[in-house]
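Have a look at these structures, which come just after this line.
Next, two complexes with chain A in common: one pairs it with chain B, the other with chain C.
And then the complex of A and B:
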């Protein structure tokens, strides 16, 4: 465990060195948060509830979603692509630790840094402009944390799976863009799925993406009943396990086809 | 005259070379078409679903939103085609890439503007056109000569406004000598004020983006005017105002670029 914790610590220190990056990210995220909240206020325009959700809930949803977005930034996919392209993946594989463990530790380190550098400032700004985004109850908050953690893992595995493509393609290019757009639009990070037509929603609920944003956020604002939460968290764990298995099989296959260029 | 012909031939050569180098990776191009189609078509679809639930937003139904969104994607695509080089100006300054421009006996701004013709930008135009024509059909826009001219004016003006803002941001590197990149921030801003009606924001925000940082002219005002969603006190079509704002921003951005080149000191090794 020690080397992984050390890597995470290194990442936190690196993140602290880039001040401009932090300030510009916070500015962009504040902008998104403000614009989306204005969108919901204009959409509700005095209406009490739409699809069982009220305006206050949607502003809370938006604020927490933006904060989550900053904690869910995944370096692993570019990290794998970069190591494969430069050939340094060979050195990584030689080390007496799991390389994917290292990559996960790096991302967790980034996440920890982002919590203090971005999440807390954004929470403060959101609170000042639109009021504190309170969870439905303390129990809901705890369930949210659990769901968020599983969502984090699913998100990480998806990013790592895409990263594995780099072993074959060497570059990710538009693949990474496509994945980013799918994640952004179909995970509930901007618009929650309950506003979508029933058929489309059912398809999305079968895919793993909604487990990353929509499920934890829905729990946070109290949109789900306890029974639903249990069922959906079960499904979320199922997805996490399936994706992990898939990843494990593929990563073993991929290490066999490594092509070292340069060096 | 001879000089003009020379400049045109150089521009054509630059463009040809850029296109050829892009075509070296055909799968890249196909990938971008797929990725951008997801981004814009699915992106619009999700907005439509939400607006359907609420009826309208800021006084706009999904029909007019489709038209607005389509226009926005089109001018975005055009700006990416013609102005992509502005995204990497920080790098160019630090690495001394502008040395090459200074060595050639040609106008600096001209060289910069034509140095990179980005074919990939057109991959935004395909989904852009889909949403745009869908919007045209939904708002029943008559394909009259006037309307076509208004659309062209808006797209030309909108493209120049976007490009000018990128160029202002990029030119800051001449003074700050840093590679700080504002592309993401500006992109987010463009999306928020050109794909959604700005009537969803408070009055002061609307005023800010109309008079101080004229981003509301990229799509909002000309589209509102074209769809006759309100009366304006200005006697000319607002698409013409967009074109004028675009031209002014273009001239301004070229001037800033030139001033910046005066500060350029070839920091590379």
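And then the complex of A and C:
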């Protein structure tokens, strides 16, 4: 465990050194948060509840969603693609550690840095403009944290799976864009799935994407009953395990066909 | 004891043939022709513990591919590799725990960190004990004087400093085997000298087995007890440098300046040029000694100045490369 923790620590240290990056991100994210909240205020237009969610909860949902978006930034897919393209993946493979363990540690380090640099400032700004985005209860908050953690892993594995394609194609380009777009739309990060037509929603609820944003956020604002939370968290864990297995099989296959670029 | 054993190693890969031009580009979208290339073609060798072996060959000969297979990064198409008795393909982590690798063209140091932080990271990755780490760093510092830039961010290091950092990084966990892939590339004379000194010292102090690939034949001459020459994926020579010289270029040149223009032939030496008072003889070492030749000639005409030229290592290696090319149809 030691090397991985140390890598995360170094990542936090490195991230703290880049201040300009942080300030510009916060400014843009504040703008996104503000615009989205205004959108929901206009959309509700005084209506009490839509699909059992009131306007206050919807603004909480949006604020937390934007904050989560900053924590769920995954470097792994570009990291793999870049290492494969430049050939530096060779250097990673020369260490007596798992390279994917290193990549995960790096992303977790970035996530921790983003928590202090982005999540907290955004929460403060959100609180000042729209009031504190409070969870439904303390228990809901704890369940949210657990669900968020599993969602993080699912998101990471999906990114890593895409990264593996780079071993074959060398570049991700349009693939990465398509994935980003699908994720945004189908995970409930912008529009909660309960606004979609029932049939479409049922399909989306079977896919892994909603486990990343929609499920933790739904738990946070108290949209789900306890029974539903249990069931859905079980399903989330199931997806996490399935994706992990798939990743492990593919990752082993890829290491057999690995090509090192240059020299 | 053999620390590295390689038998019948083959690495093939598919190369996609692309046609040129716009028309070719469109065609490539639909049909792709591929051909199989053998980068490494049935190579076998064994290396004893504590040796420094030069692994040389022209660009694209398959040197780096071999090194990458030895370190477990690449999977061979067929053949067997054992490093310390372990197959790097089956147990990569155990093999690399005992392996140091430096690629001259690629740094394992992290750009964003200070040099010392990279070392700290490596200490954890290889799980080096505090005491061993301190001893090793102390010893490496003694040879290399890295103290003066250990707190500098890696991106600000000069190439020579970076290379020293990379070599220290590869040796921190006191590996038994060290692979150096062009460690002196792009370095100035002084830095080259200190890298060579480092390699020698490491080899002597810790009995580290070193495989060195390089295009700088000065490295080979100074460091290697044995050279393996590879071309187009095949080993074409394997032996000590002296043996190689005797085999490829068994002759030397003797340059004699007489007091006046003269021509003095000798039965065991070929007179290859006569330019006024200067004559150049070519002779085989096993036929006559230089002393004898000089003595014989001085009986005929008084000698003013004598010079002896060994065959140049560059020329020898070039001859070997060319022979390899001729052998391939």
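The working rule: the second predicted complex is superposed on the first by the 262 of 263 C-alpha atoms of A that agree within 3 Å, B and C clash if a C-alpha of one lies under 4 Å from a C-alpha of the other, contacts with A are read in each partner's own complex, and residues count from 1 in each chain.
We adopt the following convention: contacts are C-beta pairs under 8 Å (C-beta built on N, C-alpha and C of every residue); 3 or more make two chains touch, one makes a residue touch a chain.
These figures come from a predicted structure and were not determined experimentally.
Asker: Where does A:95 make contact in the superposed view: on chain B (first), on chain C (second), on both, or on neither?
Answerer: Only chain C is touched by A:95; chain B is not.
Asker: So, does A:87 touch the first partner chain B, the second partner chain C, both, or neither?
Answerer: Touch partner of A:87: chain C, not chain B.
Asker: Name the contact category of A:200: first (chain B only), second (chain C only), both, or neither.
Answerer: First partner only.
Asker: Counting residues of chain A in contact, which comes out ahead: chain B or chain C?
Answerer: B
Asker: Per the contact definition in the header, classify A:10: touching chain B only (first), chain C only (second), both, or neither.
Answerer: A:10 sits against chain C, while chain B stays out of touch.
Asker: With both complexes overlaid on chain A, does A:177 touch chain B (first), chain C (second), both or neither?
Answerer: So A:177 only meets chain B here.
Asker: Mind listing the chain C positions that touch chain A in their complex?
Answerer: Chain C residues touching chain A: 13, 64, 68, 71-75, 92-94, 96-97, 99, 101, 103, 105-106, 108, 110, 112-113, 117, 120-121, 124-127, 181.
Asker: Would you pull the chain A residues touching chain B in the complex into a rising list?
Answerer: 20, 24, 27-28, 31-32, 35, 38-39, 41-45, 47, 50-51, 173-175, 177-178, 181-182, 185-186, 190-191, 195-197, 200
Asker: Please output the residues of chain B touching chain A within their complex, sorted ascending.
Answerer: 28, 31-32, 34-36, 38-39, 42-43, 46-47, 49-51, 53-54, 57-58, 178, 180, 182, 184-185, 188-189, 192, 196, 199-202, 205
Asker: Which of the residues in chain A come into contact with chain C in the complex?
Answerer: 2-3, 6-7, 10, 14, 17, 87-88, 90-91, 93-97, 255-260, 262-263
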